[in-house]
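There are two complexes below, and they share subunit A, which is joined by subunit B in the first and by subunit C in the second.
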Partner chain A sequence: MGKFVFEHLFQLVLVIFCVATLTFLLIRFSPGDPATIMLKANGVPASDEAISALRGELGLTNSIGSQYLEWLQQIFTGQWGESFVSGKPVISELFMRLPATLELAFAGLGVMFAVTLVLGISTAVYEQGAVDKIGRVLALLGSAIPTFWLGFLCIYIFSVHLGWLPSMGRSNWKNLILPATTLGLGLGTVYARVLRAHMLDMLQQPFVKASRARGISTNRILVFQVLKHALLPIVTMAGTSFAFMLGGSIMVETIFSWPGLGQYVIESIKMRDYPVIQGYVVFAAILFVGIHLLIDLIYLILDPRLRAR
Partner chain B sequence: MLKRLQQVNKGLLAGVAILIGFFLLGLFAPWIAPHDPLIVNLAARLQSPSWTYPFGTDQLGRCILSRIIYGVRISVTSALVIMFLTLLISIPIALFTGYVRGRSDHMVMRIIDSALAIPDIVLTIAIVGLLGPGLVNMVIAIVVVRWASYVRFIRSLVVKISQEEYILSARMAGNSHFRILKRYVLPQIGMPVLVFSALDMGKIVLNIAGLSFLGLGSQPPTPEWGAMLNDATGYFQISPYVMLFPGLAIVLFVLACQLVSESLGKYEQIAVGKEA
Partner chain C sequence: MKNRSKSWTAWFVMALCIMMLVGCSSNENQAAKNSQEEAEKSATLAFTWSPSGLDPHSGDSWEVMRSGTAETLIKLSEELAPVPWLAKSWEQVDATTWVFHLQENVTFHNGKVMDAAAVKNSLQRAIENNPGTNDLLKIQSMEALSETELKIVTTEINAALVSNLADPGTIVVDVDSLEKEDSYPAFTGAYMVEQFNQDESLIVKRYEDYWGEKAKLDQVTIKFITDGNTRLMALQSGDVDGATDISVDNIEVLEKNDQFKVLTAKSLRTHLVMYNMESPIFKKLAVRKAVDSLIPRQEIVESVMKGQGTAGVGPFSPVLPFGKLTETKEDVSVDKLMQEDGWTKNADGMWEKDGNVFEATLLSFPQRPELTVMAEVIQSELLQQGMKVNIREVENIDAVLAEEEWDLAMYSMLTAHTGSPYFFLEIFFKSDSSSNMNHFSSQTVDALINELHQTTDTEKSTALAIRIQEEVGKEIPHSYIVYPNTVFAVRDELKGFEAFPIEYYYNHAHVDKD
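The block that comes next holds the complex of A and B.
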């Protein structure tokens, strides 16, 4: 158990280290001097004196090595600087927008599981039938249709044409429906195929033969006995899909003006708000490694076989 | 078996035909496109499809069909460049780490695990954000993010091949390590890498379109599918065609890549099955 947690913490440190190094290198190699950019972002005319003063203040006159060490130290101690635009600490800006993104990601995950279950079970029950064929086509489309285009289609059909649902903002639960659907639908159709394949595989198991010998219908066996086993790999994928939801939320938040992390980082990129962009990657890295740690811990609790190791 | 081969052929043929169609469209864009993709005609803005403008016009009166046809050039060229650069970086690393193993392999794998711990879109966006939006920076960002998964995949192939007995006998026959890699390992990974790349081609095109949609890739007025959708943001409520057709173009291209990859994958399985 201790070794397990230690390994994950080591991974976390390594990820943060890699991300910090990468962002440091990118800032160094990107055209334009950080001091000039910072002045421009603040609307101050970039005179030579102002630039050199700020360069000294930011430590840009030190050697690359000491700058790098200082940078690492700041990253690991949580001093991620202030936003050029708002002047507030990056960390608090990010935490302020985290709930909206998490809400969207969980709702997307919910839509994904609903689609996976409904489509997966129905395609497995009606194997080789019309539903199955539709499921196959949907899965193909689901992985080919870009999220942002699906978002447009949803807005056009349900907001503009039918006027049923709002297309932007985050004021009540109705606002969540379209973004969550856009986020979860595609992956849901793909996982439905996985669930179907697992369910059909399970039909070869001895316990299915035993149930059938007792006269239980195939569909009953599929839904009440096979499903439980076939769900395990799907649950295993929950971690990966949650990361996918958080990544995909960048697009979805932009389309639906959802006030979360993704929309914030895109805005920051347009404003050249470097501390926010850097902070965002490190924040995201910690978030993802943290989620993986959490999921592995849950497995450890659920599956006694893992604990024995 | 024969029936399955035919099925495979059908999917592969359809996919390849669509992709070749796209390539030809891009190649002969100036002759095929009915209008100049950049010419602004405010008198004819946001028109529905007609004989003059088969896919309608956008908010500046530019012909959407012509812009989609020219957009093939941007998407396909940048996707191919990305693919080439990624393979150029990842194949040597994968060959080395997978063949030599040991400590360097362990280290590289640790770095790759870290890179893959973050969803690629997050990292790509951050890199473009720090470098500044633009087509070249987007290509760099996608390559920087993509190489890790390629190395992981190719390395696993190399590790498996390196344990084969013919590698050992080649070594005993006095071949140098470099020659073994070149003659006996490299040709073996060709087909799986092709299947992997074909599927990834679709993902890369999606990636390019996504970044351009966010305004981080190709900049206006360049005709690019994702950028066209970005332009469409404010106008698709009035005229849905500005978003309908560029989106369909992306979907069709990605579907074709998937078909090719899926069919090639089946082919490979059948070929391997025959050998066994």
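The block that comes next holds the complex of A and C.
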């Protein structure tokens, strides 16, 4: 176990180095000067003198090599630089917005699991029935409907038309319902099909037949035997989805004005706030690698064969 | 028994999760709700841009100003003339020296008195922290002559100093209050900051010791909603009482419903097409003139802007005194102009010169989607006349204009954001300005711009600005397409929240709710 963790941690450092280097280079070679964008942010003209002065203040007049070395040093000393726009440390800016994103990702994951379990189990139990057909259509819609469209549809129905839920913001728990649904619903309907397929496969296994022969109720077999085994691939997919939700809920956060990392990084990209963009990418890389490390560890715990290896 | 205990544990964990989730509504939001409940009269507004903080001397100065919490020495009237605000009067002592007489009995939101020394410290910080503000003011030194008199000496003659002191970058703040992390900046406005929720909202409450007419509302919550559709639906659902920057496509929907009012005003923005005067196609005036005559301005106003704009004549909006140019209707023959520059029509009906078919690139950018639609209208019109135009959408228009080869470019700018024509004319038309991206060059115009910079008399500077535009217009470096309107929308019960040409004063003391 110790060797396993050490190897993965080494990989994490290597990934951070590569991601940091690649991000730095990609941003520097993409068009757009942060000083010009910042000074013209409100659509007003800016003089050359003002732009040059701001470039100097932001350290953009230093050579690319020295900027890169400074960036690497900042990454591995945990400083991560300061935002060009706010002047505040990037690390604190990211951590300040992380709770909102985590809250949304967990809620989205909850919706996803609820939809997966309800739809997956019912479509497996009533195979080829009406529920199964509905599940198939829902899965098709879930994978075909773009997130932004679903988001606006939810706002229109539940906020504008029915007036049940707030349309945006993060004032109380009600604000979480629509963005979490938008985030988790589509994935849930797709994963339900995966769960259904695995459950149907498990239902054919000899141990299920043996349990039935021993007189164990169908519900107990479904929940404690079939579902337990069928959930294993869902756990893997959920891990990847969670990482996606953390890093990829940008659209949902923007639509619902959810004050998380996604909305922040979009604004930072618009403003070419280099330290924030670089910091966010490294932050996302750490999260992805960390979550995969966690999933591998869960696998080790769940599957004794892996421990034996 | 063991299974039952497991089940109870599972239920307990689930209940705990739900409680945590509910708890996530955070104390600050609870505080906001409580304070909202306590308030007698409150309103919620939706603004487009979310500030990264409340530092008035950073890139967030416009958002701070729009919140109604902060003030500058000078205010711009609805006619965009500089009028007294924190400075009740001013005088020019000599070419570079000005004395500003400050209002008495003004206090910052922390109770401190606003005197000349405090204003000096605030302006000093503004020019040190923001190169843009430094550039506008060109201050060499400042001196507090008395508690209410501030002397400002500029590095050169700066005729636009008074107007430029209306720029939000010059907001007056108690500088000491910015150093404290446990409190909000102390400004002088009719509202004071009660709570700032990053990326989410700004709650302001009435400042009871305000020196002027007190705010009619006890509290205003400003929500930052960057997406235009969400902003519209927040208004429709009743989550907000008023919203800024409503898309012209949504006006019809709102106007059909009696609950809403759409408010429009001519803005100071100008949408234009730039010609690269060093591009082989547009080097000659005749071709620029031909293209300029083909731009269907009125059609763009009617179809793309849904009537929410005015066809362009010059760089400045007609609401400005120096924007009132007389449109010279000249009968232009496109064929004659093109032939003048050696172009002939080929068998396909396309213009051709030296074996090369007319084919130009028109740059556009996604940040203002309406520009790309306008570009398509222009592209279609020019194609009918035998000119092929390829639209290229670029992420960063300024970078491409400065670093790459181009022929035509869509552009948009607030050309006189402080009510002065000088800044735009200097930056875009002076021969030695590197922001003069279409390479316009004229010694006459250079001399006139220098003269404008030193002219403090309003009438003379207006006449001079008009003359510069006429001189520039002879060469057609730009084609001005449209001055778009600013569009706000409110629920019927919200009063006083109105669209103005100037984009600084969104929330103010007169905003009220029935």
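Throughout what follows, the second predicted complex is superposed on the first by the 245 of 309 C-alpha atoms of A that agree within 3 Å, B and C clash if a C-alpha of one lies under 4 Å from a C-alpha of the other, contacts with A are read in each partner's own complex, and residues count from 1 in each chain.
The rule we apply is simple: a residue touches a chain if its C-beta (ideal position, glycine included) is under 8 Å from a C-beta of that chain, and two chains touch if they have at least 3 such contacts.
What you are looking at is a predicted structure, and each value in this text was computed from that prediction instead of being measured.
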item: First (subunit B), second (subunit C), both or neither touched by A:156; value: both
item: Touched partner set for A:263, first subunit B, second subunit C, both or neither; value: second
item: Touching partner for A:70 - first (subunit B), second (subunit C), both, neither; value: neither
item: Partner chain in contact with A:254 - subunit B first, subunit C second, else both or neither; value: both
item: Partner chain(s) touched by A:14 [first = subunit B, second = subunit C, both, neither]; value: first
item: Which superposed partner A:83 touches (first subunit B, second subunit C, both, neither); value: second
item: Contacts of A:201 with subunit B and subunit C, given as first, second, both or neither; value: neither
item: Subunit B versus subunit C as contact partner of A:166, first or second or both or neither; value: second
item: Touching partner for A:54 - first (subunit B), second (subunit C), both, neither; value: second
item: Subunit B and subunit C footprints on subunit A, overlapping residues; value: 30-32, 152, 155-156, 160, 254-255, 270, 272
item: Subunit A residues touching subunit C - in the complex, by the definition given at the top; value: 30-33, 36-51, 53-54, 57, 83, 85-88, 96-97, 99, 103, 106-107, 152, 155-156, 159-160, 163, 166-173, 175-176, 254-257, 259-260, 263-264, 267, 270, 272
item: Of all residues in subunit A, those that touch subunit B in their complex; value: 11, 14-15, 18-19, 22-23, 26-27, 30-32, 140-141, 143-149, 152-153, 155-156, 160, 243-244, 246-248, 250-251, 254-255, 265-266, 268-270, 272, 274, 277-278, 280-281, 284-285, 288-289, 292
item: Contact footprint of subunit A on subunit C as seen in their complex; value: 21-22, 24-26, 29, 32-33, 50, 52-53, 55, 58-59, 62, 131-132, 134-135, 197-201, 223-227, 229-230, 233-234, 236-239, 269, 367, 394-396, 398-400, 403, 412-415, 417, 423-424, 426-428, 433-435, 503
item: Of all residues in subunit B, those that touch subunit A in their complex; value: 110-111, 113-115, 117-123, 125-133, 144, 202, 206, 209-210, 213-216, 226, 229, 232-233, 236-237, 240, 243, 247, 250-251, 254-255, 258
